[in-house]
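Common to both upcoming complexes is chain A, partnered first by chain B, then by chain C.
Right after this comes the complex of A and B.
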């Protein structure tokens, strides 16, 4: 069961995944462009601050790429099911949860492709430059974080896509309503209640989501390839 | 109101031109033109003032602005004005921040002259104060951390005014506890600056840390900071710069003349290894805390003292002890070893499992 599902998913996503694989390989190389000097060349010593500050510009693209890959994998996994009304799944002699588990497993394996490309790209990027004294590169740790971010984004979108469209709409609408209503409460209602006066519900929830142990901490954590 | 002011300006200029003693001729002398300007300028200035007052009045009218009773609080030497319903918050924040300063500051000239206005509300009141005022006025939706930071800023900058000028030039014009990332930034600078002083500092030579921060320098600081090779590398890292510096640059970089490297650096690029003001400010803070009661007064005792002497006098400690304290603080900012299994990544695994379980939960798919 697993191999056919993996093959089906690969067949569906292979052309869409290729650009992401190239992007994952190339992003570390882009990020270190112009940093350090080529090994063996006697070039001027660059200030470490300039190295790291230049690299900082590329930091947001790493989690964004990971999220995009996860979303693409998840949506492509359930695309045919939604189009055909889950006829295929319902016709199989397999319980729903196993079907969903096999699908998710297939997607997680496919996530290894861009993650591996990223790992290779990070190592190539580090090998291509000579870092100033005091700076080190962390390609392995960054690749692990990249893979984890893909899986979190993939799992989230899978959980939404595996359900009905109605459920997904309820979840999304609930989020939007919470943001709007919560902001309204924080700005116009809570200031008149002593104990809640300085409570910002939306900010509190946002902070809980993006910092440990929230689910999105992996996206906002340390994405540094080059550091002390 | 603004339109009225503009009309008054135009009318004023027209009247001035009509009644000026010298008629407008096709060709006027420069002196006559200047005289015209002198006569018209006061009218224009008055009209401009009217326009500004009208603009301010319009802005005040548009703001909800509430009328409220204002209380005067005292926290240490600080005088604080806050609306009555925010008295407790004001006292809490200022007391919490002042607790960090109280061990070494009893009072300071600037704190005695300054009034602090505190408001943490969506409807700020108009609180007018004579004299030097520092305001902490934030919307009620801002978190407590932002308010505390605002209070720290106003107290730090007030005390910074009273720093002896050499110390202020060296450490910056504020006196505050080092922030959460300051140690990490200082370690970063220490670890990545190619200088024998910084390397020695990391190797446990506390006095090298002192020198790296530009304290107690002799006539030849370059010798204390950099090896000859490092000096050449420093020069070569810069473009030749001005025409005046080019011969020195070429001689240093291409011919390897160290004296010319030193000359170039002394004239154009004399930077010590540790430039981070937060790192220096942290040393100042550590010295004051170590000095305890009266440290602030001892720091200010000699307005012309060099920073090294001022820090030693304030803290009552020697160079090595102070530098060791600072070095210990910096090393706390060293990044932890990055393990493949960062504990936070385990949270990610947990969430992947939770979301996968949600994806697998029992629910009905219906055929259309």
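Right after this comes the complex of A and C.
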């Protein structure tokens, strides 16, 4: 059943995925545009600084593109099921979690397409410039991070889409309640009892999620194609 | 008697607006069970509960001898389901949808699926998003039948189809049933259609099962009778009076009764009521009268 699911997902997303494949290929090339093919006259240190700072302008676009691809993959995979209240999936002789796993597996394979395009684009970009002394290129690591970021956003959206609207609303409501309750604890309860005075619970949880080994660290971590 | 579907004291509530109350329903194995009821009466909700898509708040459901929703994947492997709204993927062609569906069913009969596709006039290369309602209806029936189910659960499978397509779809269904003796649980607004094919009937109204009995008993038991000299309150009749309507003559009335049998004519002699005529009602008339009588303010009930 995996193969038909992969085929279904491909047919549902192929037109939407194509621009993303081009974007994933083109973004590393755009990021190194203007860096020139030969070192400047300012000396190696200044040249390295110029290269890194020029490239850094493009940094936010890498995780954003990866997240957009993951979201698109998830929405295309679940959109039709969602519109019809998941009736088809629920009428198949397969447990709900297995159906979701097969569907997510198919999406993960399709995520390889933009990730591969990104990997090729990164290698072409690196080959098109001469790096100043002291700088190195990391196209493989960046492509892996790009793929991982797609998977994280895809998995998150898929997990929400695979459930019912009610479940999704419960999860979102739980998040809102946590933020309100956590802020209340940090602002009033902890200071009153003289415990954890300098701990903001919400900020602490957010920090745990976006920094290693949190699941969203892949978005906030080091997106360097060129670095020392 | 074995039951393909057995619901006992099932209750389910959707917010404050609608509820299914104390629903006990038996679909005998090998029967074609027609499930009737007006829009919003709870037919689709009941069907979805039997398919494990909705979990009842109370009561037990057994389908093909297994607990629902606990044993759902095993149950669904033996159930062909046609939902109220087509659920196939518009991005696929007929051939691709069939291949996708087949991959989930161990007993899938590819040869028969091809034969059915040809018989129903389905173009395997036609994209589902471009198919008419009739073609989609045929495809859904093909998917349900080709998995060789022991039970077919059909939620208004012919709704909105033209008479030719409807006949094709029902013929395919009846051919399958006559060959395999599968059980069919079918809901429809088209009362005449069910009258032709069903041997059991259940009527839902406002979340309750109003009646459940063999089709023949339903059709024979509901009559329109004309009486003369009818008293205000008849003396304990052996049948149920569903409705009474006064006619022009003094004491002349038309009664719609349920549970009628011919020997009951003697009751009228003893009660001093003149029996003028007994008329058979068809299923649709019986259905309408039954609903009218089962609603909160019936004209009169014995």
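The rule is simple: the second predicted complex is superposed on the first by the 202 of 228 C-alpha atoms of A that agree within 3 Å, B and C clash if a C-alpha of one lies under 4 Å from a C-alpha of the other, contacts with A are read in each partner's own complex, and residues count from 1 in each chain.
Note that in this section a residue touches a chain if its C-beta (ideal position, glycine included) is under 8 Å from a C-beta of that chain, and two chains touch if they have at least 3 such contacts.
None of these values were measured; they are calculated from a predicted model.
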| item | value |
| --- | --- |
| Partner chain in contact with A:228 - chain B first, chain C second, else both or neither | first |
| Touching partner for A:80 - first (chain B), second (chain C), both, neither | second |
| Touched partner set for A:170, first chain B, second chain C, both or neither | neither |
| Which partner, chain B or chain C, touches more chain A residues | B |
| First (chain B), second (chain C), both or neither touched by A:100 | first |
| Partner chain(s) touched by A:151 [first = chain B, second = chain C, both, neither] | first |
| Partner chain(s) touched by A:193 [first = chain B, second = chain C, both, neither] | neither |
| Shared chain A contacts, counted only where both chain B and chain C touch the same residue | 87, 90 |
| Interfacial residue positions of chain A with respect to chain B in the complex | 44-49, 52, 85-87, 89-90, 96-97, 100-101, 104, 132-135, 138, 140-141, 144-145, 148-149, 151-152, 155-156, 158-159, 162-164, 167, 186-187, 190-191, 197-198, 200, 203, 212-215, 217-218, 221, 227-228 |
| Partner chain A, residues of chain B touching it in the complex | 120-122, 140-144, 187-189, 191-194, 233-234, 236-237, 334-335, 338-340, 342-345, 347-352, 354-356, 358-363, 365-368 |
| Chain C-touching residues of chain A, taken from the complex the two chains share | 1, 3-5, 7-8, 11-12, 80, 84, 87-88, 90-95 |
| Residue ranges of chain C in contact with chain A within the complex | 51-53, 72-77, 79, 81, 83, 85, 87-92, 96, 99-100, 103-105 |
